[in-house]
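Below you'll find the structures, each written out as structure tokens.
Below, chain A partners chain B and then partners chain C, in two separate complexes.
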Partner chain A sequence: MTRNTEAVFILAGTVLASVGVAMVEFAGGGWLDANVALTFVSFALAFGSLHVSFRLWAPNANPLILPIATFLAAIGSIEVFRLDPELAALQRWWLVLAGVAGAVVVWLLRNSGVAVLRRYRYLFLAAAIVLLLLPLLPNAWPIHGATVNGSRLWVRIDLPFAVRAVSFQPGELAKVFLTIFLASYLADRSEAMSTVSRKVGPFSVPEPRHLGPVIVAAGAAFVVLVYQRDLGASMLLFGLFIGMLYAATGRGFYLGTGLVLTAAAGAAAYTMFSHVQTRISAWIDPFADYTGAGYQTAQGLFAMGSGSLTGSGLGLGRPDLIPAAATDFMFAAVAEELGLAGSVAIITAYAFLVAVGFGIALRSRDRFRKYLAAGLTILIGLQSFLIIAGIVRLLPLTGITLPFMSYGGSSLLASALIAALLGRISHEERT
Partner chain B sequence: MNAPVRRIVWALLAGFLALILATTWIQAVAGPGYRDDPRNPRLSAWRVGRERGAIITDDAVVAGHSDPNPEDPQTFTRVYPTVDRYAHTVGYVSVLFGSRGLERARESDLVSHRDSTISGVLNAVLGGDPRPRGLRLTFDDELQQAAVEALDGSRGSIIALDPTTGAVLASVSTPGFDPNSLVGSDAGPAGKALEEDPGLPLLHRTIAVTYPPGSTFKVVTTAAALETGIAGPATEFPDPEALELPGTSATIHNYDDGLCGDGESVTLTEAFVRSCNTTFAALGMQVGAEALTETAEAFGFNQEIPYDLPVLVSSMPEAADFSDDPAATAQNSLGQRDVRSTPIQMALVAAAVANDGNIMIPYVVGDVFTHDGKIESETEPTLWRRAISPASAAILSDLMEQVVLSGTGRNAAVPDVRVAGKTGTAEVTGSSPHVWFIGFAPVDPEPGERQIALAIVLEDGGPAGETASGGSVAAPIAAKLFEAYLK
Partner chain C sequence: MPALILNALKILFLILIFLFLWQVALAIRSHIGTSPSVKRSKGGHDLVVLRGDTKKGTTIHLRPSGHTIGRSADADVVIDDPYASEFHARVETHDGGTMVHDLGSTNGTYVNGRRITVPTPAGKGDTVQIGKTILEVR
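Moving on, here comes the complex of A and B:
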């Protein structure tokens, strides 16, 4: 029964994506063409694969994950199509690839369950660190890093036979691997970490040996990301570590330390990096340096203000005037064309997804599954929160993608893996 | 072990709530501020880049159309092939200078309705045509060209309309400007130059400027006398060399400082044909402030003229403001002192005389047509007001015809056409007079024959400067236009 409901919702999301693309074509003066059909097919393939994999190998999975993901992906891909039909053609491929990859993960875990991931935790840690280091490879190598917009977080593979270089953002995948490692590590140690402690003055401090690997992992990731000048991913990973530590131990010490460390790291970054300083000043007043540092934020505000309550209508706004509208500023682009109605719907959908994810974590009887579900949910929740908060000026702007919605294969792949893992975890709790 | 997870849930959900509040603030509260911020590139880019419908004249000359941009066929460039000929009425849409004229006033017709709003989609599903509408103007391109040529670069304006329908046949304001030069985002210097030009080329002189109407206002004064029964065409007046104004040492002289008639007495008809100030000042004082203002308002003074574009209100002082001041009454009845009129208002005065005293609502958008060229809505000629009785109109028509036959308006005569008119030479302190001609032709047209009423103003005497008079400068232009329109 639940699976049928899920199928109906996925179909609805697929139709939504196709109709949206049709509306955009119509608004642009065109008529229906292959894009509408291809959108339908790509959504049916991507979310159909995930749905079928749930049916076969995770029949008791929570039926709300995929519908919400389909909805978000539908709005996102409509907007990507609206901004650049060529980008949307690539995005369709990424979507199918991500959906199939998610289904493959569910298939891989069909017999042994997510518990099998625990065994490979150091492999995941190593893979995550390698992935995070990849963009630092020198430009001359066939696989090399690339600096985009001042941040070095892309990897390009120059294939001799390919028309264009294949690029990806390994950090997207690395954060999922790191979550798996952390969940596994904390599942083994959380009891010890939350009970055994020393008193240092008034504070009860955990044994250093319990904390060591976690701090090493966090530190390594953090250093790499600071080196790559990616503020958003740094904040995201930092929040993930602190959140998971707190979820596993329930001790305010980690939260307090985390806040102190964030503040210290923030202050350090502010004094050390000029690009952090410009980010902060653009956050406080984007119009002070309108043509420079504040330009993107200001364009986002113009877009959202122009969208007003009901938006300009799909294809009728000018989100193309916002820099990076298809990726980091996806939210502002949607807010312009769908208005406050659309932006509240999207924030609510993320909140809903976060609630579903934490619901899975809360119901989990097994520590590893609980921490993994919580960690993956923190990833999705924090990532969407950070980028939207940056656009609406609640926080300084951080250049990260909006899960499921932004253009980008790496981002979509990571989001689909998270959906697949959450589905599988929820299945295991109900069987 | 779930308690910390629960706290994280609440923290994140609180975060999302904060996002909703911040988004609501930006989009719903601060939204209009961002939307209307002059730095928002959307405003002008959106307006200028959309496809807009064509604007054509009645004889199908294209005055404005949209060309798709070769590199991006979803955006369009507005082109005005007639350059400055219709610049003021058609207006423009510009990235930097906003929009004006019909481009602004009829924006909702001219832009595409193709959008993804619920009404837009419903409209499309139900088979409605979302493509932009075009406007067919009532302009006669040949007449318009003749008017542009006749003004020949002088500062001034001409407006001509069909008195029986109110359809505007020509409307020229000079100096003009090239709207094409204002469209693009590179139009800054061109626009600034136009804004700073002392000749005020952007000013729409036919509807947005008022002048003292001078002797053309004697039509209104005469109408007041006829309507109140104070005088008729044969009523005799004394014929002094100068009229002393009671209560002041000032006197009223005729245009040539001479007598109006034989120095004994003069009829109203003679005084009207020769445009005698002495007679009309006396007549105005007899008629009185009440009737003068009442009649002027019956013609449309002190009221907004309903038109496709906003019209500056022509002003006649309140009766109470000059009823106990015979000198002011005398000067006002000559169209001087406090009386101010737009050219379109005086054209409507002439049209009322031509049309049995009735003024039709003036209009320039004849019909709105769809992308396929089908007429979607047509402007029905509508009566605006009954200015004077048909009997008074007939008398005035006769008086005005005699002005052209044997009076100050002889230069407006056209062979084989019964032309009626009234000249005006409005004195302006410190500069040459504004010269006027209002009139219509033919008088009493045969059924089916077309008729035209017009007003012509040249600022500061036009090419003739301080020696200019309405009869010498404006009337010959009227003759050319009557000829151009009536063949």
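Moving on, here comes the complex of A and C:
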């Protein structure tokens, strides 16, 4: 595997995206038009710039990250185009922006390496907190939060000269910043945290003061849940904290405490908040309130069911009947049009990405890089798991995006940053 | 466009998807699976892999000039073990006896479960642990 192989894979993924868009147009009775070419150009620009940045400033980076990312983005973009060509036009811009942003990150870290991130950990923590709190700004301000589908996790900026407000989801970036902070924090403390000093019954328990971070993590996740009414982000953040603690210390105790706290917080949230209750009842029986709370889940189930083994074919199903198909329910839309075969392919691709990510973490000699790679991998893996599990009703539905695939600039940007950071970390292991 | 062609295109597209993933899988395998280089000569001791990611039972025939063992592709004996250092240890044969040297590895080299700090002799039946790979002298 060399950089050239990576380039071939990226080219193949780019062609895959264009072929898919062309198939959607055939299905609609159309013929090849500018959309196919524009898809090709946007993918070539986005992943090409990441690829070139690896070539120039991280020549030893793992060559498997970008091919998998291109693949996922290709399937996602095809489905976004199929659902709404106008959204797809925006998505192309987001994709190019995200790719260039990732390349810029690789360039910024070219001399200092990721180690420089470790030094500014409290800056990242502060930035993450500010980003998480941004959506709570009152509506009257020029920069303000917005409530979409009952969750307050969007920020709109009203520009006097622009026609439409610029909006973004700051939580997407916040989780990457938090991962950097946590990796840096744990790199200093993991040794102390993994020593077991006392035994309570059959459990070996670390010093009580090392429980502090776990409690803080649970608290932060709970605050997000209460004030932003966002079940997905809250579960994702808490899972990330616990996963990284476990990765850093290797102590099952943290996993156990995490599960207990999740159960406790879940029970508390269930009794306290109506939106959590709605989510749970829509999970247990979406057809009980088919026209109401269960509608989205039920439509997703119908879509996946009608997809059957090989799907309806691109552009031939009705994934447009699922609410939020281009973002949260991307998986159901793909499952309808590409069937079980397509959905298995997607899950396989995520599994590959997670395997590559943990491989990078395992091979890292430096603690910070190890934990950062593990954390970023946990982030991608957990996020795709939570939303796919929500769609297939394995877990209650949590409205989060599918990394690399869903429509959305913030989500794509965060995914591209993760790819760039993983590439840089793997580069530093081989020099 | 007729449904038949669209159907054929759909299957073709799915085949393309899986072809892509298959190639990625092959690339992942070649990327992580550095196969152990097995070298054969006559006389002396053997090192046999008992446990680890390197294939169990892989036998390394020790030559008098010695071997470096490690994760690096440039080591004489390449072991596929994330806990091993690039050049982890050196095994030398002197007058029919085998000496194990630790090359300043991160996770240490263990002979019969004890971490070594100086070159340590290992006879038949002794175990040498590098990372999580365990080898036995035979």
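Basically, the second predicted complex is superposed on the first by the 403 of 431 C-alpha atoms of A that agree within 3 Å, B and C clash if a C-alpha of one lies under 4 Å from a C-alpha of the other, contacts with A are read in each partner's own complex, and residues count from 1 in each chain.
Criterion: a residue touches a chain if its C-beta (ideal position, glycine included) is under 8 Å from a C-beta of that chain, and two chains touch if they have at least 3 such contacts.
Quantities reported herein were computed from a predicted structural model and do not represent experimental measurements.
Q: Residues of chain A touched: more by chain B or chain C?
A: Counting contacted residues of chain A, the larger count belongs to B.
Q: Is A:Ala355 contacted by the first partner chain B, the second partner chain C, both or neither?
A: A:Ala355: touches chain B and chain C.
Q: Applying the touch criterion given at the start, work out whether A:Ala345 contacts chain B, chain C, both or neither, answering first, second, both or neither.
A: A:Ala345 sits against chain C, while chain B stays out of touch.
Q: Considering only touches as defined above, state whether A:Leu394 meets chain B (first), chain C (second), both or neither.
A: Touch status of A:Leu394: first partner only.
Q: Is A:Pro67 in contact with chain B, with chain C, with both, or with neither (first, second, both, neither)?
A: In the superposition, A:Pro67 contacts chain C only.
Q: Could you look at A:Gly102 and tell me whether it touches chain B, chain C, both or neither (first, second, both, neither)?
A: In the superposed model, A:Gly102 contacts neither chain B nor chain C.
Q: A:Met23 contacts which: chain B (first), chain C (second), both, neither?
A: A:Met23 contacts both chain B and chain C.
Q: A:Leu316 in the overlay: touching chain B, chain C, both, or neither? Say first, second, both or neither.
A: Touch status of A:Leu316: both partners.
Q: Going by the contact rule set out at the top, does A:Gly375 touch chain B (first), chain C (second), both, or neither?
A: Touch status of A:Gly375: no partner.
Q: Which chain A residues are contacted by chain C in one complex and by chain B in the other?
A: 23, 26-27, 29, 310, 313-314, 316, 339, 348, 355, 362
Q: Could you pull out which chain A residues touch chain B in their complex?
A: These residues of chain A touch chain B: 23-24, 26-29, 243, 246-250, 287, 290, 298, 301-310, 312-318, 321, 335, 339-340, 343-344, 347-348, 350-351, 354-355, 358, 361-362, 367, 370, 374, 378, 381-382, 385, 388-389, 392-394.
Q: Can you list the chain A residues touching chain C in their complex?
A: 1, 5, 9, 12-13, 16, 19-20, 23, 26-27, 29, 62-64, 67-68, 71, 75, 310-311, 313-314, 316, 338-339, 341-342, 345, 348-349, 352, 355-356, 359, 362-363, 365
Q: Flag every residue of chain B that touches chain A in the complex, lowest number first.
A: 1-9, 12-13, 15-20, 22-28, 30-35, 37, 39-42, 45-46, 51, 73-74, 112, 114-117, 120-121, 124
Q: For a test of understanding, state which residues of chain C touch chain A in their complex under the given definition.
A: Within the complex, chain C touches chain A at residues 1, 6-7, 9-11, 13-14, 16-18, 20-21, 23-25, 27-28, 30-32, 82, 106.
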